[in-house]
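Once you've had a glance at the structure underneath, I'll fire off some questions.
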């Protein structure tokens, strides 16, 4: 790779990035982490009425290794925190999180001793979807916003910067 | 039962953690299955992964503010919970709800019963590998969402009704929507029936799987379709007729062996029964005039007299009861919710002994365990 | 009314109180006789369906009553000096068993009072298998221990949870208990 | 306890797998052909039971409880008098209202003597139950039909007064404003009196 | 154009053709299942969603590659590779068309005309078991271990009826080489019936198609990766392109099995009452024979998808019961009947 690709936006780098982003954008396989009422509304979004499969999210995979988007639908109680954290850690690297519904975004109406007040205290969240539960169109709108975010991502840049960083520190991956 | 480990004699078992985030575990149930080969020796059940402290929250909210919390309990049929809670408070206050409001409540409860059975039959099919009936049935559930949305503006958690009555009248085009829905429902139920009921693979997978005898079911505290599957003809709408159910004629289907097939068949028949009830209720509704009262005379801030009440209605899963203790203020002193699937899920360990892993999944989704209602 | 008479006839000496509130009949029975009373209710009167077990913490209710009584006393205090006889402090906790007779469709609620210093109650899992989880939940939420329960441990909260949340002195937002994910130490794998 | 052994004799048709499987295949084929032919039609709404969301939106009920808005009366003045009833009745405590006294210069901008200096709704907490709309004495706060609320940061979901008013203006222009709430007839109130008190009591039947 | 280049061209053509069919199959499966379930399926990536497999491929390629901590590194990566090798190599002996003549050089449209083609296919078919077991056991996950165990039992116990059914066909056409079998299927017998395997071996075809579904892990028999029971069966721990290899291998397996079915039972490239070679020129004839063969395969590929979204899944003991107690006796019965018939007619 020419040194220019390392630092600047070489033609090859950006075009390759656009291709990678297009691939990731068009097939976001969801991990439907449906715990409460939002899980039922997510089922409605996956069912034939609104059909999330049109966006390529056809294959809901329950194994975190194969999923890209963790759709956290429903309340996360403090008892569930380690399980959610572990599932998030097990997911393969280009991973995103959609916090669906008031309970996932902020604990919603349950300001009680056993509810986690918002999953952003445990895992980084990419898109917040208010609503209790949000309409399936609201979830699809969030998916569209996530797709916009994936489009503007720079996977190769990150990798390049990481490599450059490593070269300086001399740590070998 | 004691810890499963002591009960298992043989040492060669593997513990499989059918954990909270498992496709067939409705999101928040955990069963540590002790499996040797394919047969399940026993399961340690762990619930509480969706315990949101609803009862403690109830003690800090007024009676009126607690209504939206009740429809987050059994979120597949939210309206049944609202009606159960409102009836308990009305019984505590001794308020008599006008006829038209009761009719609207009955129509909406029966619609949410159909919606709950749709989710059960659909998910039971998906868990046993038949993906398509879920989609045919879910289209009809979307039609039911439409009716709820045109009624008071929310699809799933619709804070239906107020203490003392109902917050608004049925929309004008309810009749056309209902007939359209009825045609669609009959078609969807008939298609699911054709796809599944006489299919030998389905019958092999469900007949004789985790049966339970009648007195065991009663001892465990079974209610609703799971109890009727064992042959006990018990339905709160018939035995303790509340509101206007005594005026409608509908029959209560019962099974023989209490296995997965009976639970599935009962829910399919109950959907047709509920449609009959809605027809009769809507005929009565049409005879009433437009400006019939919808709300009882209830003070602005609800302060029931001091006392306790326990009132139960027939929710789609069984007997859903509310125990409310009031100390005269506008906040309930103690609210205890008696969820039907809480008692049913206790028996899961005894039901599943000696069955196979695939039956563990089939039995669990036939019991229709809703975590919101189970852990409160 | 037939139910009230038959209940009072059945538990003559054990019956402490028999109230009716909002259409539900509440029979109060001493704490240590609960198993015998429930088994006789089940066998003779046919209440063979246990609907639920409800735990109640009455501490806040008695305080409110005591405050009201004191306020009333202060108001009356100016007129007459005779202090009211101080009512014996009622035990703090209460466990209510909701019974149902499936044949006659009558419901009966049996109540026992559990003082705070001696939180022990006989478990009724011998009578009904269905009492297993409600008793565990009552222990989890109020700390009432049930003797003879096959496997008494927390049901809804995680096992290391320090407090009993449904007690009135426990705040709604909780006291900041957290549950953290600890990755098990770098054990040697099955294969290198 | 011995589990009851369940045996059910299968009819010949059920015993052979093929008969039922072919019937099932026939049924799915009918669906496939119907949908295949429908999907060839032009236009976003091809298969009748599937709405392709961004291009072909489903009809939303006029009473749908979506994003809030602060309504203005006919003369364009803000109806809200910052009384805080909605903040008290909200089960999720997600409305924060700061009251401000109307100074002389801005009479025509506000309907009452007080006006909300700041009116914030934390959408991340809100459960869209519609209690605020029901108890508002001036029916100032109304739940509109907006459902596209997803944001990248949580902070953007706390909507302020300007956005609430813009929502109302947008709804006003697009014309799908909500019909005013019909009065709920109350039982027992005497006929004549009920017209006056019933009307007052009815609409605020569940005020707090 | 000596011998070597032709062989290489054939191999490259067949290899890329099966890859293309496998990608199109993922699209057909997702669109077909959607249209069966009253919805639309992927239609945003490209016209009618045709680039969806491409998008999946790119995403799987660029996913982070990692193996679970306690997984056995070598076995973990070997699993999918073994499975993919088996899926492609079975295609070496299957004739995908008759002959083609280019500048007076006759090329047989078959990679290798091995005279024991039938045994080769069976031998390679049983390699698939290694793919599942090695992958399942290597990823140190109880679900994938269970998936691997189920896969072993299922594939081994359904090899037997598969072999029996194919044996009966080889007996009727008197040879093991698939090329001769497909050549013999021209013409008619008993006056009006075309000389295809299905009319000579109706029972054999029934046994074969059920065993083929079990070999390919398609729905009534998809216990090894039962979505709702064992999270994702043997490929629970797999992500990125390793998972891609498994999914791809599955679709290539489908194509191989349906090609096998067409070769043996449906007269590989023959149209019943028409002798094509007399009308068309040599070059056109080769291409048309290839297309006819492909169209018949396409029908069976669609049948795989169609059945998947209609019927539920077996339980494990019923699966074994069906295999041992009904398919193998049927296969043996079919074998004896054909032997008896051959004895009489010859």
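In this document, chain identifiers A, B, C, D and E correspond to the written order of the chains, with residue numbering beginning at 1 in each.
As a working rule, a contact is a pair of C-beta atoms (placed from the backbone, for glycine too) under 8 Å apart; a residue touches a chain by one contact, two chains touch by 3 or more.
All of these numbers come straight from a predicted model, not from anything done at the bench.
Specify the chain most distant from subunit B by Cα centroid.
Looking at centroid distances, E is the chain farthest away.
If you tally contacting C-beta pairs, which pair wins, A-B or D-E?
Answer to which pair has more contacts is A-B.
If you take the mean of the Cα atoms for each chain, which one ends up farthest from subunit A?
Farthest chain from subunit A, going by C-alpha centroids: C.
With chain centres taken as the means of their Cα atoms, state the distance from subunit D to subunit E in Å.
52
What whole-number Å value describes the gap between the mean CA coordinates of subunit A and subunit C?
Comparing mean C-alpha positions, subunit C is 45 Å from subunit A.
Please work out the Cα centroid separation of subunit A and subunit E, and write it as a whole number of Å.
Chain centroid spacing, subunit A to subunit E, equals 36 Å.
How many angstrom lie between the CA centroids of subunit B and subunit C, rounded to a whole number?
About 26 Å, centre to centre.
When you check subunit E against every other chain, which residues touch at least two of them?
In subunit E, residues 36-40, 43, 227, 231, 309-311 touch at least two other chains, as defined above.
Two or more other chains in contact with one residue: find those residues in subunit D.
21, 24, 27-28, 31, 47, 49-50, 52, 91, 127-128
Touching two or more other chains, which residues of subunit A qualify?
47-49, 51, 54, 62, 79, 109, 111-114, 132, 135, in rising order.
In the complex, go through subunit E and note every residue touching subunit D.
The contact residues of subunit E facing subunit D are 32, 35-40, 43, 306-307, 309-311.
Show me the residue ranges of subunit D that touch subunit B in the complex, using the header's touch definition.
Within the complex, subunit D touches subunit B at residues 1, 3-8, 10, 13-17, 20-21, 23-24, 27-28, 31, 49, 60-61, 63-65, 89, 91, 127-131, 134, 143, 181-182, 184-189, 201-202, 204-208.
Which stretch or stretches of subunit D touch subunit E in the complex?
For subunit D paired with subunit E, touching residues are 21, 24-25, 27-29, 31-32, 35-36, 39, 46-47, 49-50, 52.
Sort out for me which residues of subunit A touch subunit E in the complex.
These residues of subunit A touch subunit E: 19-20, 22-27, 47-48, 51, 53-56, 58, 61-63, 65-66, 68, 92-94, 155.
Would you pull the subunit E residues touching subunit B in the complex into a rising list?
Touching subunit B: residues 33, 36-39, 142-143, 146, 219-220, 222-223, 226-231, 309-318 of subunit E.
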